[in-house]
Structure formats: structure tokens, C-alpha cells
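Below you'll find a set of structures to go through.
The two complexes that follow have subunit A in common; it is paired with subunit B in the first and with subunit C in the second.
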Partner chain A sequence: PAKAEGPYDVFAGGDFVPDRYKLQKQVPKPPYKKDVARDPHYTTGGYDVRDYYVQAMYEAFAGLGVFVDDEKEMSGRL
Partner chain B sequence: MANSPLVAYPTSALHPNLPTTRPTSTAPSPLKPIPSGIASPSPAIVVQADPSGAVTLANDPFIPAEQLNDWEKHKYVKGKKLGEGTYANVYLGHLRSDPSQLVAIKKIKVQKEFRDGIAPDAIRELKHLQELNHPNIIKLLSVFTSKDQNLNIVLEYLPLGDLEGLIRDTSGIPYGPADVKAWMGMIARGVWFYGTVKLADFGLARAFGDPFTTNRPMTANVITIWYRPPELLFGAPFYSAAVDIWSVGVMFAELINRAALLPGQTEMEEISLICKVIGTPTEDNWPGVTSLPHYAVPDDKTPVTPREVYMQRFGSVGAEGVDLLMRMLALDPRKRVTAREMLEHKWWRAEPRPTRLEDLPRNRKEGNAEKYGQDQGRKPGVLDDKNGNRGDKVARRLDFGAAKK
Partner chain C sequence: MAAEDARYRQSTQYKLWSFSPAQLSATREKTNALAKATISERLLSRPPPAASAPTSGSNTPNPSSQMQGAGDLPEFLTPAEELRLLNHYTAELLRASDFLQYSVAIRATSAIFFRRFYVANSIMTYPPTEMLKTCLFFGNKVNGVYLHAEQFAANFPKTTAEGILAGEFLLCQGLRFAFDVKHPYRALEAAMFELERYGDVDLTRLGTASKTARDILKFSPLMTDAYFHYTPSQIMLAALSLADEELYDRVVRETFHLAHTPAFPNAPPQSRKAAAAAEEKSRLLGPEMRDKVRAAIASCRSMLAQEPPARMTGYWGTPAQTDAVKPSLRKLRKCRDPDRFDLVALHKARREQALRNGDADDEDGRVPAGSSLDGDDDAAVFGNVEERDAKRRKVKKGLEDPFGGPL
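Up next is the complex of A and B:
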């Protein structure tokens, strides 16, 4: 007799949705000579350049609204 | 960004009383000081020892590092040794201020190869664990050095043994498909949350390789052989988080059948087993595979195992479960399910519903603490063989031709 529960949340409330940027489905053509998105040397082992874009975009925006000095003052941290 | 699960705001090793999440817009004034766990706002050096002997740290930026380290060390009481490995000794410990709060203290050994500094395993473990804050990933609580300059890592203490023990103990605890689903949910979340890692063993973890700024390929020799995906066995110079999905797929199959799926003793044997059990990787099912540096498969090629065979072997998790398993064990990493797709798979919503955490079968046998100690003491990612030697069975080069002669 399990009590009523909502649907199983596989992310356990932890899904990450960026709120300051959105990733396009289309992979941009990189301004580099190497075409890592298509070169079998990179892709045969599963390397996916989209993972790299996910990481790069995340790092570009991560902490954009964080003001270190103000917040240190606020929290009284060292 | 404040609530991003990818940015852990770990409890500072030095200030465990501070809130773990940063104050957000809910604070009435952004500049108003918020109450913190710091005992004294005074800028002077103030060390307060409460009756239990715990030391609180005052708000001063000029405290010598040695002293900070001593205070950190003083927070924990080291107890009996749980295990000893080539990489570390592991001790049971507890908080001085609250002896009921158990921890595991992992004292990293000075390794012969790395006398001049900290072993790379330890650096990697620290680097990744301090970034990760997730219920399905082991927690790093603190770091300090001991008198003999050994690195001590304080970790969450997990006394209930691991899934491997549960799987192998076939005469012991019975469990069913709903339990498998619940465990898989935890494993899958942990893997999704942080790409290329193992859940409690981060010594060999690394962030995404960056093909633009470096030509250095990633090391192919990184995952314990039974769980190593074919692209790593074939020495692929660049790979992705799909390597972990394979490992989780193998664990999934082992959870269902309570038996090892691909227990190869050497890389060569592992490849043979993959070919036999899952199918031979060929240009047809994995374009480009034959050009991988260590590509070598037995001559008698086996077609990719069809769904019906999986249904016979793993049918207890239902058709949806078998579908997910097959996608996790896709030979071509580009066709393998991603961590996100894995979590969005319909199996999770199919009957039966996953067992609730508190109702899961538990392994309460004695010996788990010792097992935990041994696991944590072992060099990350490497299983000791019966004689305690590591890696002896790992063939560096694959040469099926030579093996046949």
C-alpha cells in the first residue's frame, strides 16, 4: 500500500537548465583547421565536439552574476 | 547560476558551518551581512575551544597555513584502520565535536614513483571531488596534512558495502527488478551529473579532453577491464562520456543476473568476450573502428546479439529495461545512449516503480567496513588480484595472431 507519489523523477530534482544562454542544436563550424566534429581520428572513439561546446558555454557564463567582493563581504568569509 | 547543480558550493573545508548554498536574491539586502557560523566577527585572531575541544576559527586572513591545517586536523578523531592498499590507508574516524558523525579518513601513501610531490591520483581525486556535490556521489568533507606530510582526505563513510558485494553474495540478500531500477537510477544520476567519472573512485577521473588546445590524446588505459568499453580497449585517442555509459551498462547486466557479464582477465580476453557476448565490432556496425590503434578481433566474427537473446537473458527487467541495456552496450560509442537520454528513457516510468531508498535491501554483513577500507586504499580504478599485485594481467598490446599460435 504505497502512498500516492508523483511520477518517479529520474533527475531527483537535480536537472540543470542554464538560464542565461541556450545551446543550439546546430554545431557551429569551428574557426580552426581541424574539423574535430567530422574527422574520424576524433569521432571514431566517440569524441563529440558538442560536449566541448556544452563545457565552453557553461564556463563562459558560469558565475556571471556572482560579485565576489560583495559576496565575500556579505558572508564574512576570509 | 546560484542553483546550478553543476556548481557545487561545497562546505568550505575551513568553514564547515557556513551555509552550503550562496545567499540568493531572497536576502533582503545584497550587502547586508548574513548570519554565518563564524563565532566571532572580530578581525583579531581568535581561536575558541568549546568544551568538546572543537576549535572555531575567527575571521582573519593572516592565520598561518600550518595553524589552519592543525585546526582542521583537530576536528576529526582517527580510529581503527579499515584497510590498507597500495595507494592509501583508510581509517574510521569521527567528528571530535560529535562522535556519532562517522567519517573515513584516507591517508594517501607517499608513492615511490612520486617522491617529489603529491601522487597524481590524489590530485585528481581531490580536484574532482571538491567540485562535486550530489547525493549519489561520495562527499569530500575535508583535507589536511599530517605531521609526516602525508595527505589526508576525509570522506563520507559508507558502511553498507557496495553493490558488487550485494551482486556477488548470491546466497544472501534477494532483490528484484524494482531494486535494480532504484540502484540504476542512482548510478545513472551520478554519471549524468558529471561526465567522465566513477562514483566513489575519482583518481582516474578527468574533465573533457579539449581537442583545440591540446594534441595530447587521453590515456586509453583508464577503466577496470571488466567495465572497459571497446573504444578504450582499441586505444581510441579521443573518447567521450560514452565510456562511462558502457561501464554502467555492464553493471546493469550484472545487477540483473548477479553474475559478471564480461570477466576478462586480459585486454585480449575482454575483447573476445565483448565480441562473443555483444557482437564483433566491424566497419558495418562501427564505421572507422578498424583504424583504431589497437583494433584486433578474433577471426570468427559474431553478429551483434539480437534483442531476443537479450530478452532471454535479461528479460526480468522487461522489454523497456532490455531496450535501455542494449542502447548502453552499443559497440559504436556514437550510437550509445547518452547519460541524459538514459535518464529520459521510458524504462524509469515503466512498472514496477523503483524501490524507495529506505526499502532497498541492505548488506549488513560484517566485513563491509573492511571492504570499504580496502576499496578506498586501492589505487583508483585498478583491482588488486589475489596476490595483491596490480595490473599484471593487463596486456599492453593486443595481438590475437600471436595468442593463437
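Up next is the complex of A and C:
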């Protein structure tokens, strides 16, 4: 939600700042996969491995602190 | 609340398809009871000879099936038997998917669709053997692969495109139109990114752990109710802990690294806002949260451990498994819903109903919106529509053509 006062916010309050992880400047290379970041088949087409990294990191930590059993029992509806 | 948790809570997976174990089993029991009630009502209302017709599909002549229909009802499946059959058919679905070499995302989406559909629908009502293929077909669609229905049907014996498409909209309704299923596969790769970043982990060990965890994720959470009770990140970490306990420990330790000390006593006085932010941060990343997360993952882990990937082949055609489901299948053959088990006929009946309504006073024969697609549509398909029809006609008369009359 956008705030009524304060400095101008480019993202209108919708900016996503992760709390439990930090993205690295360099995408770490998993040891067991081929290095697509430097493969011209991928890079010339505009594939950016960083986007994959951002998405994967989000998925690895999203909902880590969500405890379905407790929360759903408490809200009491299906 | 962590930003990523808040975002996960916005997903349909959390809002519509996450339950506590008690809620899930209660829903399943309710579904079972409801199916029992409707099917017995239907069997009692119809004439006896038609009721025993569907049993002719079984090759073992069954004397008791001839007796049925004259007032006495068949024995219905219990919720436990339904669950066993559900697991059996989920394994079948996974096998079909492996045979067709679909990607993990499609495979998992289809399996989860199948399990979700049979939360609010009983196996006695709609045929699992047909819904299984529809789930695979629709799982492809959801993942951006648009197969040709005829070619897809050609993969299976005794299957037509019509049969697959007949259940498609039904499946969508059963899923409550929640098509975005979040899987833990990409999350596992991110865990590998993190472990690699720490710099002191043996890389071959990492590769082995990743492969084992992925194998677990490809089977265990799909065969259990893990997706209903845990979030993808928790499932991923549970699989990692089954694969390599130490690596899992490491990830958790690095993630929840802050000690729970609100502020340094000798630090210069902060602004109130900064202090609150630091407090929140240490609550999110402190030991209390860590222990809670660990507990959730531990219970997820024990759920996954019930169905290790080694059991996968055990579900397929082994005598033990066949013997385990055979009695339930025999029971199912007798107690299934006479009107709805045949999806193609049901679909045809619904279409005809819609068309008939349309023909009455609609020149272009379009299906009036919501005519037979409402939740309570039994009456529309199985007769007794005169009331509603009259009402609609009355409403329609009042409506003008939005683009004006003909020139």
C-alpha cells in the first residue's frame, strides 16, 4: 500500500525485498549442471541465468515460516 | 512476517488447497458420505434392470450383481479404501507420465491435480482411470504444452479424444480453477546454489545429495498428502534432510543465523523505527523461528519417509499390490455412480440439455451462460428443468438486443 506521506516510492510500496535470503551479485554455479550462463546457445537469445536464480531462490525460501496446520486450524475454515 | 511468506500466502495453493490433517480427513469423509447418499438415492429411484447394466464390464460373472437394484444397495467404499485407490491411481499416473517422458513439472502438476480433484469428489462418482488421463492432458496445458487431443489419446489403449475432453471442464471445476501449482524442484536447485556459495562443501557430495533429493521429490510428496500440509520450501528441505542430513543442517543454520538478542546494550541509541526493524529481523531469523521451522520440516520428513522412491516399482503390477487393491476395485465396480461414471455420456447429456434450452428461444443456438454449469446442476442434466427454463424465458423477454434491432 502506498503511503500518503514520505519520499516518493518508485514501486508504490510493491517492492519485494526478501527477508531470509540475499541474492549474490554473481550467480553461483551448481556443480552438477552445465554452465548455461556462458553458453552462446542461451546468451545470444537473451536468456539470463540470473532470472532463473532469482526465481529459484524465492521458491526455496517462500513459505518457510508458513505453518499450514496451525494457521488453517486457527482460521477454522476450509 | 517475512515478505516471501506473505507472498506465498497470496497463492491459490495456500488459500484454497492447504489444510490441516484433521480438516483434510474430515473433508474426505464428508465427500465419501455425500457420494454414498447420492448414489443410493439414485440406485433406489431407477428401475432395476438398468442399474445392473454397468457391471457387465467385469469378466467374472457375479451372481450378487443380478440381485441388486431391487431395493438392496451395494456395499460402498470406505474413506480408507478410497485413499488406497487414490494412491494406487496416482502411481499409475506417474507411470504413464514416465512412459510418455513428460517433464517433472508436468508430471507433478498432473499428479497434484488428480489428488486435489478427489478431495471434494469421490472415486465412486467419477472414474479415476479416465480422470487420470484428463489430469495428464490438462497438466500439460497448464505448463504451456498444448498437445493434440487425438495424438495424446493414441498413447493409451481404448482411449478416445472425446473421453479425455469429456472430463476436462469437470476437472477444472473440481480444482476450483486453481491451476498454479508450486513445486519444490526449482527450490532444490536454489538450495544447491546456497550450499555452493558457502564455499567449503564438497561438490561431489553436493551432486549426490541433489540427485537423491530430487528422486525423493519426484515420488514421495506426490504419493502422500505433503502438498496439502506443507509449503514447497519445507517439502524441499525435508527431502534434502532425507538425502543428506548434514547439508540440510547447514542450510538451516546459515539461514537462521541471528541470535535472539534484541539489541546490543552498549550500542548507541537507535531511532525507534530502526530498533523495531532489528527486533523483527531477529524474530524472523532467530532460534525460536528456526526451531519451529525444524519441527515442521521434521514432520514433513516423516511423511515423505513413508513413501520412499524405492516403493515406486512396488506399486506397479506386483502381486502384493494387486491383491491389496483388488477387493476395493471389485467393490467399486458395484457401487459406482450409475449416471456419472460414464464421462462421455454425462458430457453429452449436459451439452444436449444446454442446446435444448438454447433452441427453445435462441436462434443462434448458443449455450446460455451458466445453464448447466452451476454447482447444483443435477436437475438440469437429469430432468426437471421446466421451472428454471420458464424463469429464464421470462427474464429473456425483457432483454433488448445490446446492439439494437435488425436493420
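Convention: the second predicted complex is superposed on the first by the 68 of 78 C-alpha atoms of A that agree within 3 Å, B and C clash if a C-alpha of one lies under 4 Å from a C-alpha of the other, contacts with A are read in each partner's own complex, and residues count from 1 in each chain.
As a convention for this text, a contact is a pair of C-beta atoms (placed from the backbone, for glycine too) under 8 Å apart; a residue touches a chain by one contact, two chains touch by 3 or more.
Only a predicted model underlies this, so the values are computations on that prediction, with no experimental measurement involved.
Subunit A has more of its residues touched by B than by the other of subunit B and subunit C.
When both complexes are overlaid on chain A, the residue A:Val36 reaches subunit B alone and has no touch with subunit C. Once the two complexes are overlaid on the shared chain, A:Gln55 sits against subunit B and subunit C alike. Touch criterion met: A:Thr44 reaches subunit B, while subunit C stays clear of it.
In the superposition on chain A, contact of A:Ala12 is made with subunit B only, not with subunit C.
Using the contact criterion defined above for the overlaid structures, shared-chain residue A:Glu73 touches subunit B and also reaches subunit C. Judged by the touch definition given at the top, the superposed model places A:Gly63 against both subunit B and subunit C.
Overlap of the subunit B and subunit C interfaces on subunit A: residues 16, 18-20, 30, 32, 52, 55, 58, 61-66, 70, 73, 78.
Considering their complex, residues 16-21, 24, 27-32, 52-53, 55-70, 72-73, 78 of subunit A touch subunit C. Contact residues of subunit B toward subunit A in the complex are 1-2, 4-7, 12, 14-15, 18, 22-23, 27, 30-34, 36, 38, 41, 59-61, 134-136, 185, 188-189, 192-193, 195, 207-212, 231, 234, 236-243, 286-289, 291-292, 332-334, 336, 343-344, 348-349, 353-354. Only residues 1-5, 7-9, 14, 18-23, 27, 182, 184, 186-194, 196-197, 203-204, 206-207, 210-211, 228-234, 236-237, 255, 281, 284-285, 289, 292-293, 296 of subunit C touch subunit A when the two sit together in their complex. Against subunit B, in their complex, subunit A makes its touches with residues 2, 5, 7-8, 10-12, 14-16, 18-20, 30, 32, 34, 36, 40-49, 51-52, 55, 58, 61-66, 70-71, 73-78.
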